[in-house]
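Here the chain labels run A, B, C and D in written order, and each chain numbers its own residues starting at 1.
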């Protein structure tokens, strides 16, 4: 590790997102992970929980959260804590002048009212909401360069936004009748066991949840409304499926104009042509994006289909929910904020088949 | 087997639907399977292909199709042949005065033009289309009693229609902006190996297909338009997922009126309260229908979710694509036409977990 | 339900084995389930937990255990309680003169010392151990006819014993060097969530457990030693795999004599030719037993392979761990003890594919 | 790409092993892939087949095999062709003085008689068999430094050898009664569709194959006999399971001496302590090696269990069959032969969960 590498802390390192931060940062050329916290596993080596990391981090053990130590040793902090917990730490870390990347929802929404509506609590730091930069480089790259607080997007929100961006931005669809039908693997539910995600119950399931309104819709509405300068309504309907990794957003919308595939493709290419992690899938096998082929990587595969006789378009975004949907995207934003190559540590090629 | 049991032939008995007909008819109290055809496996016992049937049909071997033998030995014929092949046999079997249940798409659509549009061929027997009864008991029970030719519905179509029936029939949704987002297991693709369904490629996938227009939309449009007496437009977007059995239709639509969950439930109950195979899932675990809990059975689990702030409703139907979506539904229609108890041979309780 | 049907209670009905008892007994022609207990779900309908049973048992709700009610209402009791809990109820139910079928390990072993060694407790009712009949009909059919207390076998033990019975009984293998390598789906671990069986951790795993000695070896040793009249040593090494249902025992042993496939087959046929639930797989597809093709059913598929150059034989038994490995086998033994047809309620044909 | 990078050709690049070579070499600091052949996909970009490689190799297209071009442009050739096909190319490439790494079985065995016995053909180049170096660095690292022809090991053989090496080398087990019970994911069967690996048939299966003798036993016997200087007999029994990646060898053997876990561990550590890709799993979660936690990586996780009362030891090796079992191991051997860092391109951290 070079002497001028950046020292990074991970608060909440024993969950799946924490584990992915550890996996990806292990190969980051400019980063040293100096702290990984977990109340439950204090004193255990990180591979005690993350079996994949056996032999990778030889001396890193879980500790309790200690903000003094953070203050002395860290150049940046990733918070991978539950919603409503992160916000207890973020203001203090910001005061230390340390780059703060929060992977929870606690600073994603600009409008504090939305926290009451979607998360059921009064936000205690409404002033910080506008200081936070929503960590989606495809929309906020410039602001991320000077960010002090990065609110890393939700996984379903990432897929929703990336699928709809070319359509909304170019006024190609009606903005009040959009359904984002999401299918997502079990790792999205986190590492804590539950009946719903117990293997016998989850394997092979196709199970809608939050079908009367999913909170990630709020992020998608916020970001797309911002982009187009008009109010966008999003109805998000997620479904638990039996894969482990990956989320697919199938965003169904109604076209404002007659447009064919070739023209549509141009809008997609124009939107994403300089993006290092967006890959457009157009009329080559397997036809449309499938999260299976981005597993473990920071890529988002994007595509679309038009049913002309009806005027319906569906735009697809396939991501690895733990990478582009969480840890990878957070590192991408961190790289931008820290002045690293945006792709540092993230040029992982997904395996196939997996 | 009682002496007055009905003698049944299965043309195309080596595929998955043929196998399910054999499985279900094995326990039918009034049926004897006297012929099971398969060009590829002539002379082999049925368990040579259907390993599950080992020891069940001790003397039944695959034969070639022989219409003379059909004519002499059969009271009813199930055709489980590819689209475009069935129609070569159906007219001849009908002429023999034998009850004909066709599980292909060849006689499902009333309008011959639609065969050109969706299936790419000119239908050679357009006059037979109106003689065929679409084999969905929930809509056509009375006509099935006198049916000579039953056109058994497609699996995605079955899920689509059953999910939307209460909404369309009661004018609760706009009829021109309906998206049926289907998720379906690999058995739907049939028993013939392909790259797309090779295990390493299919396992864990979430892969859209036919996203620019799926042919089962034609059946859904036909049946729902008939029910409501107005033109209904359906956009169907199917997705291959990594389970083996089961299809879930998530039918997204926009409400014509403000309606709450309790009122909506009444419409669902009213529509289905006398149906032996429809089960309504409403605010009990797991919350919404999941095909995992109907595997192997003829049940269709139906439910809905309303997002009031947006005026969107999603109606769900979960079926076993090979049972209520194919073999089971065909037997249900056969029972009605033959005068058996409608549920004969079909009272199978799905296992859990599976 | 006919007036002279037998009234059955299930103690511990909310787990997977309890659910399977409910599923199978729903179609039993001579049984009425009058009580299903679950401390956790008192007052809830059984389909609140067993979603598959929606609409099947319309009025059955979970209750607390109430031995008075058992005494008044039941002809037979199935106990599907944890090891060490069953034994608190069994003596009392026996005293009521009610047929008792215990699906735990509490009365499977004849030698009380083995409870200390394998289960870590002193057995409080050693005298009852010899009154219990080990509920494997393939060995103990005659004793089951007069049984009062049936100790239903463990799933891995069932697969182990059935695979080895033809070899041991006929002195075809050395009895001191037998390894039973078991692969088993996640339902075996029960319905209680755990990290090990959390979907993201369990899916796709191939994970040995109890590899330094699995307690089901004790049952296999007891039963096979009894059959052959010599001491048999069994080393059992189970592996968790990513399927939900099914267990395969691959029992590796060393031949005492040169024997070819055809001769060996005769021993298997001779052992099992009258067994209603044993199916022998010999040189037809898929080549060897696979639990995938017995899912949901009470069948055990049995086969073998000989490697002549080395003198090694492997005998395979594939079962559904929750059916022939638990609930189905318990009902089979109950049928024998009650004087029902042995196959009553159990003639379920497994679906394929599933 | 630096000007002095090594130019590499892959013959047979459209299969799974070819795809993995492409994935891993994409991140190799000293390699440029200049040719990737596939008869079936000539002219198509590599991501036409390997969807994961979209955007990775921007200009690499499949070509036909052209040995002239190989001769002019390549420093090394990887052959990922079927058994019996590789041997037509290997002698010619060797004559060009180009480092040849053959991933087929064609040059793994020293004794030409074994090709008749296990592969059913007379080897046409018996003299080359002794010039080939068996590409397992853990045994042949020194010879690999000067190798011209590397015969890369089979995946089941790799797992078998690595699991048994500490036991055999130290005379801890009887050498005539060893059973290697292998469980392996579907990617091992290759990319060509088949009924056996059609998703509906393969998913959730636990299916023995080649149970009367698996050809990889020949490699294990050869290598272990060489190490210990005595004849070793191996009985290998592979099982297809429903995961996609990963192989676990559970090698069952009988101890020659009383030995406890701590002593045994010392032998394992002594054998592997300097190996960059061997990780020993000993009494930490999840207890024993599981291929789930090496997916996508070149690691082999090794562990053991002793059942003292019986004198049985089982040694486990978990690998990714396509990486340490194929492409990764081939690159590891190539690195040694070429003088690269042995781990170049291979320091991939496996993701979890996946």
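We take it that a contact is a pair of C-beta atoms (placed from the backbone, for glycine too) under 8 Å apart; a residue touches a chain by one contact, two chains touch by 3 or more.
Since we're looking at a predicted model, the values are computed, not measured.
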B-C or B-D - the one linked by more C-beta pairs in contact: B-C
Same-interface partner of C-D, chosen from the options A-D, A-B or A-C, over half of the pairs matching: A-B
Centroid distance [mean C-alpha coordinates] between chain D and chain B, Å: 46
Centre-to-centre distance between chain B and chain A (centres being mean Cα positions), rounded to whole Å: 39
Whole-Å gap separating chain B and chain C, where each centre is the average of the chain's CA atoms: 35
Multi-chain contact residues (two or more partners), chain A: 16, 185-187, 200-201, 203-204, 242, 244-245, 286, 290, 353-354
Touch list for chain D against partner chain A, complex: 16, 19-20, 23, 26-27, 47-56, 187, 244-245, 279, 281, 284-286, 290, 293-297, 299, 301, 322, 347-354
Contact set on chain C toward chain A in their complex: 16, 185-187, 189, 191-195, 197-204, 242, 244
Interfacial residue positions of chain C with respect to chain D in the complex: 177, 179, 181, 183, 185, 196, 200-201, 203-209, 211-213, 233, 235, 237, 239, 241-248, 250, 252, 254, 286-292, 305-310, 312, 314, 316, 318, 353-354
